[in-house]
Amino acid sequence: MSTSRTEAFSDGVFAIAATLLVLELKVPQVEPGGLADALLDNWPSYATYVVSFLTIGIIWVNHHAVMERIRKVDRPLLFMNLVFLMAVAVLPFPTALLADYLQAGHDELLAAAVYGGSMTLMGVTFGRIWAYAVLSGDLLHEGVDPARARRSLWFFAAGNPLYVLAIGASLLSATLALAIYALLALFYLFDVLPPLKQGDMEEGARET
Amino acid sequence: MSTSRTEAFSDGVFAIAATLLVLELKVPQVEPGGLADALLDNWPSYATYVVSFLTIGIIWVNHHAVMERIRKVDRPLLFMNLVFLMAVAVLPFPTALLADYLQAGHDELLAAAVYGGSMTLMGVTFGRIWAYAVLSGDLLHEGVDPARARRSLWFFAAGNPLYVLAIGASLLSATLALAIYALLALFYLFDVLPPLKQGDMEEGARET
Amino acid sequence: MSTSRTEAFSDGVFAIAATLLVLELKVPQVEPGGLADALLDNWPSYATYVVSFLTIGIIWVNHHAVMERIRKVDRPLLFMNLVFLMAVAVLPFPTALLADYLQAGHDELLAAAVYGGSMTLMGVTFGRIWAYAVLSGDLLHEGVDPARARRSLWFFAAGNPLYVLAIGASLLSATLALAIYALLALFYLFDVLPPLKQGDMEEGARET
Amino acid sequence: MSTSRTEAFSDGVFAIAATLLVLELKVPQVEPGGLADALLDNWPSYATYVVSFLTIGIIWVNHHAVMERIRKVDRPLLFMNLVFLMAVAVLPFPTALLADYLQAGHDELLAAAVYGGSMTLMGVTFGRIWAYAVLSGDLLHEGVDPARARRSLWFFAAGNPLYVLAIGASLLSATLALAIYALLALFYLFDVLPPLKQGDMEEGARET
């Protein structure tokens, strides 16, 4: 199976999961004059919304970069991608959980840890896709340098202890943990994949 | 009508139905300190989420494989595809039903049977698309061996009694039934369609 | 602007509106043993779900057929398409309204009329797109016979009085009205657009 | 990264955000005979639905026009686009807020200001994408006249004070503010981007 259809389906899940996050933002029911305070009290909803939306968005960018470097998709890879997408699609749930308990002012440490666990699952299942493609040899795009691809796996692996650290931080403070998750999203903004030699790719496309 | 537009619309429905499943996961409202227990009590929601998400994902893979082997889509096929997509899109409802009644601890046998009925409907309407294409002769892609295509219909048909069996099992235990549905999803991971001779296809594409 | 991007956006709205219909199906909260009756009592939800899903699906097929016969999209046409999509996207609301009041057993005639009004709006705004393209002369695909295109407008216009009739029927019985809406959806299954001369189109594509 | 994948993801967010707006329309629960009045009382929901849907639709058209004039997307532009999409995706929340408080008859001035703030954020983050592409020099499509592109930035900037004005108007009357937002959406219907010289583009495409 070519990667284009897999990308299209994945894009759909990314876009829907990111957009569904808005359903977590509830209109507060207040007495006359109480709206301003109620909206301000809702800050955890806005903060978790922003962190989750940007995380999904940035992981979308990286998923596309990975798929561009994969030549074809076999059944195990399809299945790994499904499990990864499930981790992405579930994100609105821990997001709502963290927002609600940050606002409730109790049980927020557990909620932050669950949120972190969900983020970690997303990171691990995503790294697994790239690792499988790199180590298979056969699935990698010919324009990708295999040695550099293998080295890039270290960077992917580096994110996981950071997530574990953030889950640990959530035992101290849920807002601190949320701040770390925001930083981790920005960490993934770096482009660490080996470059795709465009000349080769276009030549290959012309030959086919 | 070409198959590509039908696939795009179908992909949209698959991706949305799979992603909407998360709305079934409700944030529990608890007294301070009660979150851990409440989250654990919610296990039926997570189990049904995983089974439904993977089932939709795997049937998406198979739908794509079927569409690849179909040359063009006529009006009856479009209509059959619509009915199939309706069975896919409705899945969040029986999923929520089963999760809620597994947790409530009553009426869960009926809920599991409804869930199984919904799965069976998905399987039957999907098999119908492939059967129609194979038996029409005209709609099948030229790179597909007609004899092998006809034999593959037996495999499709084989899934249906298994679903009926699972519905029967739901009269004994709803969790047993759910486990069988999970196994059936994995059963559909097998690729049983006749191979598409790529060389022929590309040649055909060049000629057109 | 080419039609392909307009189609992609429209397909998204069609697929999402159709799939969101499932959120209208609510899990009933019952005493032990009461689920079977509660599910049967919910028949209006299932009936309206099926009618709305198929209507959106069939109008998607027809929208694609219209777009295939349009060469390019200008700003007025884009705006008309937006208004049409708004009528499609709003359908889950009258669907839920009709389902709820059919089940409540009161005010269902008004709910059926609102549902019909929504369907009529969808039909009228859709017909307007085709009429604008046909009458502009410039926007029509070269493979379409202008005289036959103009004649097809009569068929489009014919659907509207039928919808008005159905709204009238809803003053007598909401279920009768729903049955008529179901028949009207099937009525739109007929392919009445002038054929697109494929040979010309492919030749044109080769020349470009 | 090419613009086509960015467009596909953005289209998904636009289509989903626009279609999710319907979830804001709630079926009223009334005593027998009370449905007509309840539906009429809900006018703010319909008015805000129409304004928000058309605004998203029109900004989709403009986003496509901007993307057509951009040759490639770099990481900063991807990030700006994500922030813009977040502003689009959040719109169902201020829409529901304004609808609810217009109907409640209190705190509606603040709700209208929040709605306007959300619209302004969408306008500012969208303008930023175009400004970045124009001022970078490198990212602009070769078929675009740089001098005209720079002049078009004034038009984009012109919308922002109008939004601030509308937010100011919301201190006087929420319905007045809503009317201004509707007019501003129509204001963006004007096509002010420099034309894309098609001949050059097609020639370029042929050469590649």
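Each chain carries a letter (A, B, C and D) given by its place in the written order, and its residues are counted from 1.
Rule of thumb we're sticking to: a residue touches a chain if its C-beta (ideal position, glycine included) is under 8 Å from a C-beta of that chain, and two chains touch if they have at least 3 such contacts.
Keep in mind that this is a model prediction, so the values were computed, not measured.
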C-alpha-based rotation, chain A on chain B, 0 to 180 degrees, nearest 5: 90
Copy pair chain B, chain C: interface residue numbering same or different (half cut): different
Furthest chain, CA centroid comparison against chain B: D
CA centroid of chain A to CA centroid of chain D, Å: 25
Junction residues of chain D, two or more chains touched: 8, 12, 16, 20, 23
Touching chain combinations (by label order): A-B, A-D, B-C, C-D
Chain A partner contacts - residues on chain D that touch it in the complex: 1, 5, 8-9, 12-13, 16-17, 20, 23, 75, 78-79, 82, 85-86, 89-93, 96-97, 100-101, 106-107, 110-111, 114
Of all residues in chain C, those that touch chain B in their complex: 7-8, 11-12, 14-16, 18-23, 25, 27, 30, 32-36, 39, 49-50, 53-54, 57-58, 60-61, 64-65, 189, 191, 202
